[in-house]
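The two complexes that follow have subunit A in common; it is paired with subunit B in the first and with subunit C in the second.
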Partner chain A sequence: MTDYNRRATLRAFSLGLAAALSVSASVAEAADDTVTIGYAVARTGPNATGAGITTIPNYELWVKTVNEAGGLAMPDGTKRMIEVVEYDDRSSNEDLVRAIERLASQDKVDIILPPWGTGSNLAIAPLMDRFGYLQLGVTNVTDKAPEFVERWPRSFWMLGGGHDYASGLVEMLSAAHDAGIINNEVAVVSVADGFGIDLINGARPAFEEAGFELVYDESYPLGTSDFAAIMNEAQNSGADSFVAFSYPPGSFGMTKTAQSMGFNPKVFFIGVGGAFPIFPGIADGKADGVLAIGGVNADSGAIQEYFARHTEVVGNPPDSWASAITYASLEMLEQAIAKVGVDNDALAEELNSGIFDTIIGEVKLEDNQLRDLWWVGQWQDGAFKGVNPADKEGAADPDIPKPEW
Partner chain B sequence: MLLTTLVLGLVLGGTYALLALGLTLQYGIARIMNLAYGEITLLAAFILVFLFQGLGIPPLAALVLIAPAGYGLGWLLYTVMMQPLVARSGSSGRLDVDSILATFGLLFLIQGVLLVTFGANFTSISYLDRGINILGVSVALNRLIAFAICVVVGTVLVLVLARTRWGLNLRAVAQTPASAPLVGIDVNRVARQGFALGTALAAVGGASIAMYQTFSATDGVVFTMKALVIVIMGGVGNVGGALLAGLALGLVETFVATAIDPGLTLAATFAIFLGVLLWRPQGLFGKG
Partner chain C sequence: MKLLLPLVALAALAYAPNLVSDYGLGLLIGAVTYVTLANGWALFSGHTHYVSLATVAFYGTGAYTVAVLNETLPYPLVLVAAAVIGATMALVVGLSTLRLAGVYFVIFTFGLAELVRQLITWYEVNITGTLGRYIFLDVTARDIYWQMLALGAATIALTAYVHRSRLGLALRVIGDDEVVAAHSGINLARSKLIAFVLSATILTLVGAVASPRSVYVEPAIVFNPTVSFLTVIMALLGGANRLWGPALGAVPLFLIFEWLSSNFPDTYPIFLGLLFIAVVFALPDGVLAGIERLRASRKERTA
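Entry: the complex of A and B
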């Protein structure tokens, strides 16, 4: 018995050693000629739509672009191809966390790219921090970014907070009110979920401060598909401005309902989804004048080129809010790697302090956050253009009142 | 104000009821709790969009093609997937659990196929998207059509079930599947027809949803939930009950949204649901 056990143990030990050696050998070999980049994103489940529009196409487009150009440039002048490890988190945070653990401890990838959505990014932030990875988060809207940066120094927050978007909107409406174009009454609806709550909480005091009166102010549950009653109330409220802090299905539903009932407020603002390339189709070609969250500098050559290439490679144009920023974040990563290699600490340092040349122009982060953003955009002549901040380069003049549907 | 609520509520309720008719048939007659129901409605919705955008077939004409295709799909699903489960369970009552597990798997299968085929994007068409004035209330024409389809299909179904020989067979299998063979009814065949008919209705529901609502490949579970609530409220297998429960739900949601707070529509739905489960578990219109 003892004999057998010892022999078995020895055999197991030698086998294990051999296996461990071969694994480490293959890892070392892989690390030599490629950069492994891992990500866990929602291919299925409720987050698949957002990830499928904003996150995944840009990851794929970037990897394809880099690899076609011979790979990532390294500080020593060599080039290394990107090898991707991808998992489907099935829109579940449990699966997402497991996938990140796997990417970090089993696949031992060099860089982990973030998932789509504020909640998902928050769910993995402690883990990414513990494993020492940089978290280049784009698709997360939160007012607490400064706190999070303090807690997780390698985390990045590149899409602003609810307060920023609400203030931008109020600023723009104030200008229109001062010019005598709209009255001081606003009808506002918000989806009863993280994003909608954040925005309405930022907007209420901002509206009041600017002298606006919220004549209709209601929230609706996530998953609402019928907006006839809500739009009817908003129309009867007499407000010149209709504001919805909504998710895509709501944004689309309200647009269609407003059209079919002939609701023509002077200001028609919707939340997420308004900047999606399919919006003009949903609005039956009558999108011009609709205001929504986000925006791009539509006159910039780099943006136009990006839109064209995205359309060519992915098959459809990107959205005009977070897509360009997602792609810009990857360009920043590429340029940072060329300077400091793939050491995550050095990368985080470089990303925060460096100046980068991207499709959204020259980018300089402040305290791990991108602050130079578009808060409000508007459909004008078939393109979604940034209109606020009004002093940002490339800002278009908002077209108020909106033409009738 | 009251009239507005009434009109908007009835139209909304009609679209809900249409969604629930198929599920109540499938569970009532074939005893299969189909968790992939919402995915099947979505499949039909995507096919309608494809027919409209790709081939230029107008949605109302496409509906005529989609309904029989849905019947065929249901027939096939029952024969290939459900029949073995039915045969295995015999009279042990395991069919409920088995069918829930099997259709739960089917849910992900169809969702995966939809995601691969049609992508994760939101999909929507503009069709008859104009307002129609009903008693001074502006209602979208496409929703009105869905309401009309619901009323027509629901009435025909109720009449067929109550008046025809075939309806009698369906009801016999629904009520006492064990005794139906004694009077010469082929239970398997009737259950298959019931399931296929339910799938055809799911397809019609999905196709009419595509006319008025934006949807994406991952929305199926929302439709299943809504249909499930209505089916249980109306009494499982009770077509008239599902119709009335759907209309009632639409009225309640609209009333709550206009008179109280749109944030409470979901809460109101589930409060009624809870009440029904506690005091009338057989459903508002179920016998028992």
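Entry: the complex of A and C
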């Protein structure tokens, strides 16, 4: 390396830094006539995919919608525009915690919206509690929500727990078994991660109680990319039902593997990712009949409108599980603010006790938790529809057995 | 005088939480954490030139130890247990691998972090049947800061001591040429092993002390390889074989990352990459060495 080169590098580098500085100098100060809303979500790192599909687009869509309508309605009848303060938590809890401290003590925002993921929400819960902020958590699946609400009274848990999803699935399969459509053998795989384990721990006793036999029950490490061996054994197990408590890479990989090896179980259930808008593309247009976690009331006008607007503003449709609930949580926040203002204690109180009109219908929380949820959904005629709980409004009838690939 | 300045600085830093906001305290914790990590890393790698990417293997082990033991043991004992576990792990790993040199060592240490993570995952999935663990400890941000500061100060003091000791001399010779070192009667295995164990114990303790900051612990969260890479680049920026080098690299880089991530959440990784290239290309031996070279060339010019 010559001296000239080094000098040129330094010069180029300092120039770049100067340019960067001048761009950033325009971060505005919070004014009194706006409501400042802060959030720290993963723009980079392993959580960025989930945050980029479920969390960030809905935050942006909501802020845009509210501001275009003139701002948030306040109890005194005035309207205040939303001003956003946003940080990247780099998918690291340490950075996330610091970003929350920054939002609370430096930026002094009025409301802090939650990050994506169960671990992230748990990491900031004590801080949010100490700073007196409300934590309207959506993307966290945990069976311990009642315990957490007791510990942090302003925390909300809106996506249920592993046991809920597992029991919903078993309930649906039981009905199919009772109708004589499927045998009582199930092949189940689970990702070796907090989420997969929660679900399989809930599913094992539920399956057993309903008279099912787990003829194949294995976990696979996060990051597995070759599912041929797993799918082979599942196919050879003789089970009519294939159940995978998986993350998106696994859900997609298993779908493709099942297609290429001609594995056609009567029930094909996958975990996270099955409700993503890109799934039909992954399944080569043959998504119909695939069951997965989540669901929406696809016949509801509000949901259809939401899907259309999301597609128009964000550029792609939302996922059919947590996206709509994330957006609904923001609508609830908006309606609660119109009633009690931005005092976080009053907001938490109002959110827990009030009844809200949202895109997922009328919402009433129970003990800071949303319990009226879709546990299982299915691709039918190109749309992902909620099928369980079967008695929930808008529930579609499950299509079992699934048509061949 | 040489001792007075660091002591005054330490006292000022210990008093600092009374003056800053919660976010300021968060910044202090982050900065001191990375200073300690970079120093702990440099304790072994600085002189021997064995580039270790195992930082997060020990850091994560420390965090996991706290997660597993925080409900059964009093907190000080948990920290002691973390130190013992880290040291034992380093001893076992060191005995079997310090023969490796160059790129083989780098790759091995990178794999070590993944190995530990997968082992813990396997154990949790198949034996205990849970994966996430909770740390509900009554440790405030201030407590964490003071503990980390004490650990950082102890690490720098230890580094200063090692630099002057026979061990430091031995490590320097090993870094220059292992064959020469062996021929001049240095016990290679023993010197490397002692330094590796000391370094690993500190890294494990950093993980343990920092862990109550995030309530929830999962292998994928605490064994984040970015920690290893950041530690290396920070130590290299300052100058890994100098006493104040790692600290000089860690503080500005930490602040730059923080500033970038808040002002450019979308494009921050690009700046990060450019920064890495700039460090390696423009300052291959670290800032301190660069300043010295600059001074020397200026002296030459005036003479």
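Convention: the second predicted complex is superposed on the first by the 374 of 405 C-alpha atoms of A that agree within 3 Å, B and C clash if a C-alpha of one lies under 4 Å from a C-alpha of the other, contacts with A are read in each partner's own complex, and residues count from 1 in each chain.
The rule is simple: a residue touches a chain if its C-beta (ideal position, glycine included) is under 8 Å from a C-beta of that chain, and two chains touch if they have at least 3 such contacts.
These numbers were taken from a predicted model, which means no experiment stands behind them.
J.: Touch test for A:118: subunit B only (first), subunit C only (second), both, or neither?
T.: In the superposition, A:118 touches subunit C alone.
J.: Mind working out whether A:260 is in touch with subunit B, subunit C, both or neither, as first, second, both or neither?
T.: first
J.: Can A:45 be said to touch subunit B (first), subunit C (second), both, or neither?
T.: both
J.: Quick one: classify A:336 as touching subunit B (first), subunit C (second), both or neither.
T.: In the superposition, A:336 contacts neither subunit B nor subunit C.
J.: For A:193, is the partner it touches subunit B (first), subunit C (second), both, or none of the two (neither)?
T.: The second partner, subunit C, only.
J.: When the two structures are overlaid on chain A, which partner does A:101 contact: first (subunit B), second (subunit C), both, or neither?
T.: A:101 contacts subunit C only, not subunit B.
J.: Could you look at A:273 and tell me whether it touches subunit B, subunit C, both or neither (first, second, both, neither)?
T.: first
J.: Check the residue A:221 against both partner chains and state whether it touches subunit B (first), subunit C (second), both, or neither.
T.: both
J.: Have a look at where A:126 lands relative to subunit B and subunit C in the superposition and call it first, second, both or neither.
T.: A:126: touches subunit C, not subunit B.
J.: Hey, what residues of subunit A end up touching subunit B and subunit C alike?
T.: The answer is residues 43-46, 91, 192, 219, 221 of subunit A.
J.: Can you name the residues of subunit B that touch subunit A in the complex?
T.: 4-5, 8, 11-12, 15, 108, 111-112, 115, 119-124, 126, 129-131, 137-143, 212-219, 222, 253-254, 257-258, 261-263, 265-267
J.: Residues of subunit A touching subunit C in their complex?
T.: 1, 5-6, 9-10, 13, 16, 20, 24, 27, 43-46, 86-88, 90-99, 101-102, 104-106, 118-119, 122-123, 125-126, 131, 192-194, 197, 201, 219, 221-222
J.: Which of the residues in subunit C end up touching subunit A in this complex?
T.: Result: residues 21-27, 29-30, 33, 118, 121-122, 124-126, 129-132, 134, 141, 210, 213-216, 218, 220-221, 224, 226, 258, 261-266, 268-269, 271, 274, 278, 281-282 of subunit C touch subunit A.
J.: Please give the residue numbers of subunit A that touch subunit B in the complex, ascending.
T.: Listed in rising order, the residues are 43-46, 48-49, 51-53, 91, 189, 192, 218-221, 223-226, 228-230, 232-233, 248-249, 252-253, 256-257, 259-262, 273, 276, 278, 281-282, 284, 316.
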